[in-house]
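Please go over the structures that come below.
Consider the two complexes below, in which subunit A is the common component and subunit B and subunit C are the respective partners.
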Partner chain A sequence: MRAILAFAAVVAVVPLLVSSNVALNFLVFTMIIALAAQGWNLLGGYGGQYSFGHAAFFGTGAYLTAILQVRFGLNSYPAFAAGIALAALVGLAIGSLAFRSGLKGSYFALVTLAFAEVFRVLANAAQVTGGAAGILIRLQQDPANFQFAERGTFLWVAGTMVTLALMATLALERSRLGAQLVAVRENEAAAQALGVDVLAVKLRTITLSAAMTGAAGGLYAQYFLYLDANIAYGTWISVEALLAPIVGGAGTVFGPVLGAVLLHAIAEATRMIAGRIPGIDLVAFGIVLILVVRFPPRDIPGLLRRWRR
Partner chain B sequence: MGLPPEIILEAVLNGLLTGAVYGLVALGLTLVYGVLHIINFAHGALLTAAMYAAYLAWAALGIDPYVAALPLAVLFFGIGYLVQRLVIGPASQGKDENILLVTLGLSIIIENLMLAVFHSDTRSIDVPYAMDVIEAGPALLSWPRVVGFGATMVVAAALYVLMHFSATGKAIRAVAKERTGAALVGIDVAHIYAVTFGIGTACLAIAAALLLPSFYVSPRVGNAFVLVAFTIVVLGGMGSVVGALVGGLVIGVVESLSGLFLGESLGQIGIFLIFILVLLVRPTGLFGARA
Partner chain C sequence: MTGTGPDPAFLAVRGVTKRFGGLIAVNDATLNVAEGSITGLIGPNGAGKTTLFAVIAGFEKPTAGLVLLEGEDITGRRPHELARMGLARTFQIVQPFAGLTVRENIAVGAFLRETKRGAALAAAERVAERVGLADQLDKPAAALTVAGRKRLEVARALATRPKLLLLDEVLAGLNPSEIRDIVPVIRAIRDGGVTVLMIEHVMQAVMDLCEAVHVLAQGRIICSGSPAEVVAAPAVVEAYLGHGAAKRLQGAADA
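What follows is the complex of A and B.
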């Protein structure tokens, strides 16, 4: 808890000290990724169910936030809340289908990937999403519209959301559900034998997970004010949401934040060294991922612990 | 829909032809799964790499993709062998999720290297026979697809012979059935794994050469094919070679028909829905044994 408060304090102070738009952009984007990744972490890190399709939740949160404002004239805040709710529902629906069929491991990864792709193709063809041209939220910089003239203000908002997600994760970790979830991850059969309702535990978790990643999508929509199918439902966000916790420490409270910051620092550094070659930062991501898996302990906290000894 | 029957027949036949090459892509995937018991998420990216290799052979050296197919197969066998031996094998440490992540990492690296080198523009080659057609009764069949179909059948037959009559093939089947037992009788399991992965990648190289005359290449082209290949493999049963070929034909027809009735952009949906449905209802596929 102290670490979370320290994190909140840092986020609160940074916008006062940093005025460079490039730096603030970097931080806001990293916070959005950290939030999406925290969602993945609940299901993948604590629950051991590796999703390759968290874009399905990110995109749903993002699109509904945008569509309700642009097409139905709703205020941004209820639109954002509705986006989170729908993402949670999508999570529950996909979870019901996948977990009821007993899909695990690679099969679960595959089916989530397929769902995200279905959403991408649909969003690319549908009218309400603006199709391939995408959807643009009108620029009205007013806190009443969840738009802010200062990037620093948005960093406060995103940082607050991440802080809340950290607290929620800590609460989950200490809750009965969290304990059951870890039991399911470690040995599903044993957990079941001890009376854990495995299906219910997984469904609750995927719903929470989807809501969190959906919130990240909604934030993305409010910050960038533009979406298309390849942004909202693209593989990139599924990969980012998975990569950050894996690198930073899956199944730990701070893993996703740590991983997101580190990965994007690496991405920036790569771009600085190699120049703006398209895709070069992602090449670096891939290399980091393989190295992290190749040399256990697989995550940064584990490496630090080993180094201290 | 008031479509005349010969258009539907043509769509079915062309779907079968394309489906055969899909089957070849799936063959590599299913072979690796059947022996190594891993799902290779880098399969699509390796296909992209092979398509660029075939593209380069044509664009830089003027070699026809059909001529390049065999040398490319040898080259990609080597690449696949080394990737399994040096990257996937050591990183897996016997854990499923590690393989999932390592092959995902590989696919990210390959795909984005292609993006960095070739940028995101789509490329295609301009071979004189690209638009040639063959008349089969009332239907017109595209020549490159007919070649693709024939070549796939030849490769499948060659694989069958290799797997059943060569010492290596027997070793591969032994490892697939019983890894520990195979190791006990002196089979080098790590080597056989790498050989299998190499064969899977070589299938991709041939498929790439067969696809190139009628498909565009872009850094993300493999994604489209790999989801199709996953669907085929899941439909046909993980690890089943016959299943991969039959599944390929089925999916080719489904794609062709849903493209005809739903239009290009929604056509892919049919495949994904089958994929999800099969995963949910019968994850062992039509030809797979119960896990």
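What follows is the complex of A and C.
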């Protein structure tokens, strides 16, 4: 809990000290990724159900937030809330189909990927989403519209959302659901024998997980004010959402934030140093990933512990 | 005894058959477990004991037959529902939550009856005390010895506060001194009000602990009775040592 408050304090101070738009942009984007990744972490990190399709939730949160404002003239805040709710519902629906049929491991990953891709194709073709041209939220910089003239203000908002997600994760970790979830990850049969309703635990978790990642999508829409199918439902966000926790420490409260900040800092740094070589940031990304996977325990905190010894 | 009428037995298995394709693992098995008893289930390897356990605990649906707990039909109920009703099992091949500590492992069981983390952890400590794991609470489960893992299996099951505990070979793989240590633990569990049905190969422990024993061979219950009756029964001797063995042994004893 102290670490979470420290994190909140840092996020609160940064906009007062940093004025560079590039830096603030980077931080807001990293916070959005961290939030999406925290969603993945609940299901994948704590529950051991590796989704490769969290774009389905991110995109649903983003699109509904945008569509309700642009097509139905709703205020941004209820639109954002509705986006989170629909993302949660989509999570429950995909979970019901996948977990009821007993899909696990790579089969579950493939099915979630397939759902995200179907959504992407549909969003690219549908009228309501603006099709391939995408959807633009009108620029009206007013806190009443969930739009802010200062990037620093948005960093506060995004940082607050991440703080709430961290607190929710910590609460989950200490709850009965959290204990049962970890038990399901470690050994399903043993969990069942101890009275854990495995299906119910998985469904509750995927719903929470989808809501959190959906919130990240809604934030994205409000910050960038533009969406198309490849942004909202693109594979990039599914990958970001799982990479950050895996690098930072899956099944830990701070793993996703740590991973998101580290990965994007490294990518940003390499771009600055060797910016003339195209794709060099992705190379750095790849090297970090290889290091993390090569040396167990397979995350950054684990690596640090090894090196200290 | 056949039929589905009210049954005085605490746990009653009535004509249970379980087929896997062409293989009949359990064939028309019927047995009773009296409330407050330690009842043994023995039989040669491959007799179907673990399958019968899986059917009782809801991990497998029987092809035919009924399972009754305190007269209530529980056939085909899912494992977590049965755990809630007070039926707990351990696994022959231990299934620890390897990444968790001993305390966290047991707490998963305790969370069945407790909603708060503090209460579940406290309950886990009390259970650890009962099975002799109190000094290993903070160890990762993966670091336990075989005997420790067996105790952990029992502890987790106990933490669900069962009425009926199914123990699947908790003594297998232990050395004689470890067995001597764990036998009183099992007796204490029963004395604490938990009915125990145990699969066991260690006959010395079966003779010591059990009031009644059922013998399963090739999927059938071939003999039921007190431990002394059962080991003396020709059908049981033949199930273990082959056809005609009882006669030959008798002949050797008479000669």
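Note that the second predicted complex is superposed on the first by the 303 of 309 C-alpha atoms of A that agree within 3 Å, B and C clash if a C-alpha of one lies under 4 Å from a C-alpha of the other, contacts with A are read in each partner's own complex, and residues count from 1 in each chain.
One rule holds for everything that comes next: a contact is a pair of C-beta atoms (placed from the backbone, for glycine too) under 8 Å apart; a residue touches a chain by one contact, two chains touch by 3 or more.
Since the structure is predicted, the reported quantities are computational estimates derived from the model, not experimental observations.
Asks: According to the stated criteria, A:R174 is in contact with first (subunit B), second (subunit C), both, or neither; which is it?
Replies: Second partner only.
Asks: In the superposed arrangement, which partner chain does A:T235 touch: subunit B (first), subunit C (second), both, or neither?
Replies: First partner only.
Asks: Of the partners subunit B and subunit C, which touch A:V198 in the superposed model: first, second, both, neither?
Replies: In the superposition, A:V198 touches subunit C alone.
Asks: Applying the touch criterion given at the start, work out whether A:V111 contacts subunit B, subunit C, both or neither, answering first, second, both or neither.
Replies: first
Asks: Per the contact definition in the header, classify A:R71: touching subunit B only (first), subunit C only (second), both, or neither.
Replies: The answer is neither, since A:R71 touches no partner chain.
Asks: Which residues would you name on subunit A as touching subunit B in one complex and subunit C in the other?
Replies: Looking at subunit A, the two contact sets are disjoint.
Asks: Mind listing the subunit C positions that touch subunit A in their complex?
Replies: These residues of subunit C touch subunit A: 57, 59, 78-80, 83-84, 88-91, 95-100, 104, 107-109, 111-112, 114-117, 120, 156-157, 159-160.
Asks: List the residues on subunit A that touch subunit C in their complex, please.
Replies: 174-176, 179-180, 182-183, 186-187, 189-198
Asks: In the complex, go through subunit B and note every residue touching subunit A.
Replies: 38-39, 41, 87, 90-91, 93, 96-98, 100-102, 104-109, 111-116, 119-120, 219, 223, 227, 230, 234, 265-266, 268-269, 272-273, 275-276, 279-281, 283
Asks: Touching subunit B in the complex: which residues of subunit A?
Replies: So the residues of subunit A touching subunit B come out as 48, 50, 52, 97-98, 101-103, 105-107, 109-111, 113-115, 117-118, 121-122, 124-125, 235, 239, 242, 246, 277-280, 282-283, 285-287, 289-290, 293-294, 296.
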